[in-house]
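Both of the next two complexes hold chain A, though its partner changes from chain B to chain C.
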Partner chain A sequence: MQKRVVFRSKSLPYLLLAPQIIVTVVFFFWPAYQALESSLFIEDAFGFSREFVGFDNFRALFADDVYLASFKVTLVFGFSVTLLTMGISLALAVAADRALRGATAYRTFLIWPYAVAPAIAGVLWHFLMNPSLGIVSYWLDALFGTDWNHYVSGQQALLMVIVAASWKQISYNFLFFLAGLQSIPRSLVEAAAIDRAGPTRRFWTIVFPLLAPTTFFLLVVNLVYAFFDTFSLIDATTHGGPANATSTLVVKVYQTGFVGQDYGASAAQSVILMLIVIAMTIVQFRYIDRRVNY
Partner chain B sequence: MATVEIRDLTKIYPGGVSAVESVNATIGDGEFVVLVGPSGCGKSTILRMIAGLETITGGDLLIDGARVNDREPGERDIAMVFQNYALYPHMTVRRNMEYGLRNEGRAKDEIARRISEAARMLRLEDYLDRKPRQLSGGQRQRVAMGRAIVRDPKVFLFDEPLSNLDAKLRTQLRAELKALHDRLKATFVYVTHDQVEAMSLADRIAIMNAGRIEQIGTPMEVYQRPATRFVADFIGNPAMNFIEGRLDEGGHIKVDGTDVAQLGQAAPLHAGAKVIVGVRPEHLSLDASDPADGMMSLSMAATFQEQLGADTVIHGKVLGTDDALTLRLNGIHTVTPGQRINLGADTAHLHFFDAETGARLSA
Partner chain C sequence: MVENRPIGRALTHLVLILGVTFLCFPVWMALVASTHPPEALSRAPIPLWFGGQAWENYKTILSGGLSQAGGVPVARMMLNSAVMALGITLGKIAISLLSAFAIVYFRFPFRMAFFWMIFITLMLPVEVRILPTYDVMVKLSLLNSWGGLIVPLIASATATFLFRQFFLTVPDELVEAARIDRAGPMRFFWDILLPLSRTNIAAIFIILFIYGWNQYLWPLIITTDESLYTVVMGIGRMMNAGEALPVWHLIMATAVLAMLPPVLVVLAMQRLFVKGLVESEK
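Now for the complex of A and B:
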């Protein structure tokens, strides 16, 4: 039996939907429209005049080596964060699943990093890895003799934001992996044990394939996170530097628009970002059925 | 082919639940032993200890004479069929059956041969390339059996493999399972809570109660000579009737003042002790108005009947008491509520139990 709510008044449903629609229009559609529009104009820095230039802004972007480099940075950053955070979370989830089926205290502790605001997470790692004060950079020096200075080394700076961004995302991934692991019937793993599969083989032939839906979901979520949701973290830690080494596409939008005051180019970059988001969403929806591969 | 021996097997789960208490049993080579008992009595726990899926708290487990307490499940040369089938959902039927053989590193042609043999035996040839979710419950169960068969293990373990199926399919698969056992001549340990399944499949039945085995014997032994009141109650459908009696000075058992049996000298009870007299519903007969020698007579007040076609089961009470009484008669009978029925039972079919301990009294 399905219960159906019937509205007597025709306007009530619209009234109930209105807040959500208003929020969506004001905060999503309107800015998106504005970005689309501005990407076709060149505006002077004071906003007094603007000139229609068609796709010139886009052409200029793809001729700009700095912009193209930030594509590369974004890809390296995004995939590194995704791999690192998923690898660590999965390992933690497997350990937790094995050690304490059902115990929640451990789980609660692992959620905490997720509650930390991105900028604060960034600053936290900033302090930890500060070349002169940070404890981690001190350890690196003491243990490996590494001369850590992310103000100077682009690679080290990139590594630092990757670690910070991954750390922040681990708890989220961990929760999903743990839930995924706990939904795999115990008897499957037991049957595999009787079928002479050792623990490693059981994991790769039974558990991991059955986790595929979770893994795919997290893959998309993490890529989206790393591509689009790490602005405040990077901005608070490295400002995209040194020498644009940590300047991902989102950071670049901000720098071009608000620091460089080149609104047209910034808007064009936002439009490109928008297209990437749309493409990723389509991929996710297209494969959402196939996610379940059994 | 193998023997399974359990000695003083004990399981205490973390948290202190004592699930199995000092159980002893020897299962012969090629024997089909069924563990039966009410829910929570520890059947699955014993099976899982044999499989190596639960650690053994105390006692020894021997397969083919070798102590295997500390061996991994994969090293015990057993196969298990689970209640929920536990088929690998992301693998085809063929892959499911191959999985164990691949893990053993068998040659390709040998794997193929064994799979096709098992598939033929279980009529699964047409389903080898399907995924488990594309199969019916009965087919899934057969795949689970196939996965066990191809391994050619020493011991087959079954944990309520038929309980997720409907009654008709259950009966059919029961017959197939029996045929399979005759064919493989392997050692089977089978857990169920269904006593009909136990009776029809087993070479020997072990009846469990609260973590202990109450009796092990052939189906006819446990039916004809239940060792305890619990076994008497559990085996047989409808369940045995129990009537209270008393022992007098001469070692006679009296029900309602009537002498129903003479206990041997070995009776461990003093005069005046309570005795439980058991009689199966199918051993009660109508019309004992003139009790002949060797008959116990009894009157019942009927309450309702269940007409099963071939038989009629009449429920009621022992006249003048609150003790329930069930009677099973051949053919079709009709009673009116409150109707008085005179019954008789051959004293050879009576069972006597100590009211205190539940132990069997008569020889």
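Now for the complex of A and C:
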């Protein structure tokens, strides 16, 4: 889409673009290039000398069991958060769309967690699940006899960060599902009702297919969120532990770089992450036209 | 709703009430815990209703901070967070308005190349290129400075897209009229385009303010100077320092304070927030 009428000026547009482009080049392209470059070198611990090693850093990563394990953790974490969030939000959105009374009040109570920082979400759940005084772990013990201790059990730690990350993301999904539901023409649903399709049948044959573009969009957004935006949540609570059970790729790249001071390996991990983000963004934008057409 | 069956209606409200409870419960517990003395939180089960020490806890944390985590007063951290969030938000809005204006209202060589350069920044969140970005900050000696906290985060593809989308819907007749009246491009921008964009600016302001306030990793690596600590990242440090100690009442008080500004913004400007969120993702 383009404007029919435009202004004419040789230098003004470049001046207007300059601030954005300068920030982008200095803080995005330069570091990205540095990551690419230093992923091909091995640097000594003091930064005095470095040696070109080709793809050795990458080869070392893919031979490293700990790194491969963090791939697995990331996938389990990402898909669990996505499924849990989308399932709950869809149920809430369908209910909010049907509720005639109090719909606005419900919406208000459902959207505010969007504003809570992922790090704070982690801290809140960490407190609730604390093995010695957390109220939820106390209830779990009283009701099911579960011995909750995420400082020891890797699975429980992972479950805790999954719940915390999903809790924070529900509001966002809820709003998009609700907007999607409200854009479905009432006449379609009513026509199906006249044909004696019950609420369940109507949902699966009419509403859900019409929501597909929203669902697909949210799927990608949630995966991106779980893969990249949850660093703070994990860092403020489990630090990737115990025994790397919650160490996702982003936690790993931070720890390799800042704790382990291994420049080459961290840069190689950055390159891999960038490839993943680029792939996901392309997928997202290939389908964006379909999304608008609901 | 097509049918009006009591069971269906009850189920609808049950689902919503369960959802609201699930979302509000953690914050309820944080509020409750922040009003108790440390002894009340030393063994399970902890109380579910407010205690009497709210004033003392909040006073301690606001003025003195948590001594085990450097003792930076939370009031100071809140102020830092506010400066950082507002700096990022206003910076992003300013440079995005200008670049969207250039891209929509001018024809010039490499226009699309610039557009794609901005677009691609969407793909490179700070988290994935953290060490090289830190290196660049060292080279530019921007560590421990407001500039270092704010400037690198103000490039914004999202805001640029939103404004571009909106500018494309502004009628061409307005430009023609401006040109007949001999208004130059910048005059048109200030007197016509900007006033028309008010709602969009307000909507994106909310989203960006929340983004800026909630930054964690960036202040964590850029600041070692305690006077620049922000509250969201400060709470991470408190968790590290205070986990073994009985200071949950203070950590929860800090968490409540850290949540307050962005949550209030969302609640106060709910309609604009929903509009900004849903439209900026298109």
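Everything that follows uses one rule, which is that the second predicted complex is superposed on the first by the 275 of 294 C-alpha atoms of A that agree within 3 Å, B and C clash if a C-alpha of one lies under 4 Å from a C-alpha of the other, contacts with A are read in each partner's own complex, and residues count from 1 in each chain.
One rule holds for everything that comes next: a contact is a pair of C-beta atoms (placed from the backbone, for glycine too) under 8 Å apart; a residue touches a chain by one contact, two chains touch by 3 or more.
Predicted, not measured: the structure shown is a model, and the values here were computed from it.
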Practice problem: Have a look at chain B and chain C on chain A after the superposition and call it: clash or fit. | Solution: fit
Practice problem: Based on the superposed arrangement, let me know which partner A:L158 touches: chain B (first), chain C (second), both, or neither? | Solution: neither
Exercise. Pick one for A:A193: touches chain B only (first), chain C only (second), both, or neither.
Key: both
Quiz prompt | Broader residue contact with chain A after superposition on the shared chain, chain B or chain C | solution = C
Practice problem: Pick one for A:S232: touches chain B only (first), chain C only (second), both, or neither. | Solution: second
Quiz item: After lining up the shared chain so the two structures overlap, which partner does A:P209 touch, if you call chain B first and chain C second: first, second, both or neither?
Solution: first
Practice problem: Answer with first, second, both or neither: which of chain B and chain C does A:L124 touch in the superposed model? | Solution: second
Practice problem: Could you say whether A:P185 touches chain B, chain C, both of them, or neither, answering first, second, both or neither? | Solution: first
Exercise. Return first, second, both or neither, reflecting whether A:R201 touches chain B, chain C, both chains, or no partner chain.
Key: first
Practice problem: Would you check which partner chain A:F28 touches, where first means chain B only, second means chain C only, and both and neither mean what they say? | Solution: second
Practice problem: Compute the least Cα distance separating chain B from chain C in the superposition and give it as a whole number of Å. | Solution: 5
Quiz prompt | Where chain A meets both chain C and chain B, residue numbers | solution = 190, 193
Quiz item: Okay, in this complex, where on chain A does chain C touch?
Solution: 1, 3-10, 12-14, 16-17, 19-21, 23-32, 34-35, 38, 88, 91-92, 95-96, 98-100, 102, 106-121, 123-128, 130, 132-135, 137-138, 167, 170-172, 175-176, 179, 189-190, 193, 199, 202, 217, 221, 228-229, 231-232, 235-237, 250, 253-254, 257-258, 263, 266-267, 270, 273-274, 277-278, 281, 292
Quiz item: Tell me, which parts of chain C touch chain A in their complex?
Solution: 1-3, 8, 11-13, 15-16, 19-20, 22-27, 29-30, 33, 41-46, 48, 94-96, 98-99, 101-108, 111, 114, 117-118, 120-125, 127-136, 140, 151-152, 154-155, 160, 168, 172, 175-176, 179, 184-186, 188, 210, 213-214, 216-217, 220-221, 232-233, 235-236, 239, 248, 251-252, 255, 258-259, 262-263, 265-267, 270, 273-274, 277-278, 281-282
Exercise. Can you check the complex and tell me which residues of chain B touch chain A?
Key: 51-53, 72-75, 78-80, 82, 84, 86, 88-91, 99-100, 103-104, 131, 133, 147, 151
Quiz item: Can you name the residues of chain A that touch chain B in the complex?
Solution: 185, 187-188, 190-198, 201, 205-206, 209-210, 212, 293-294
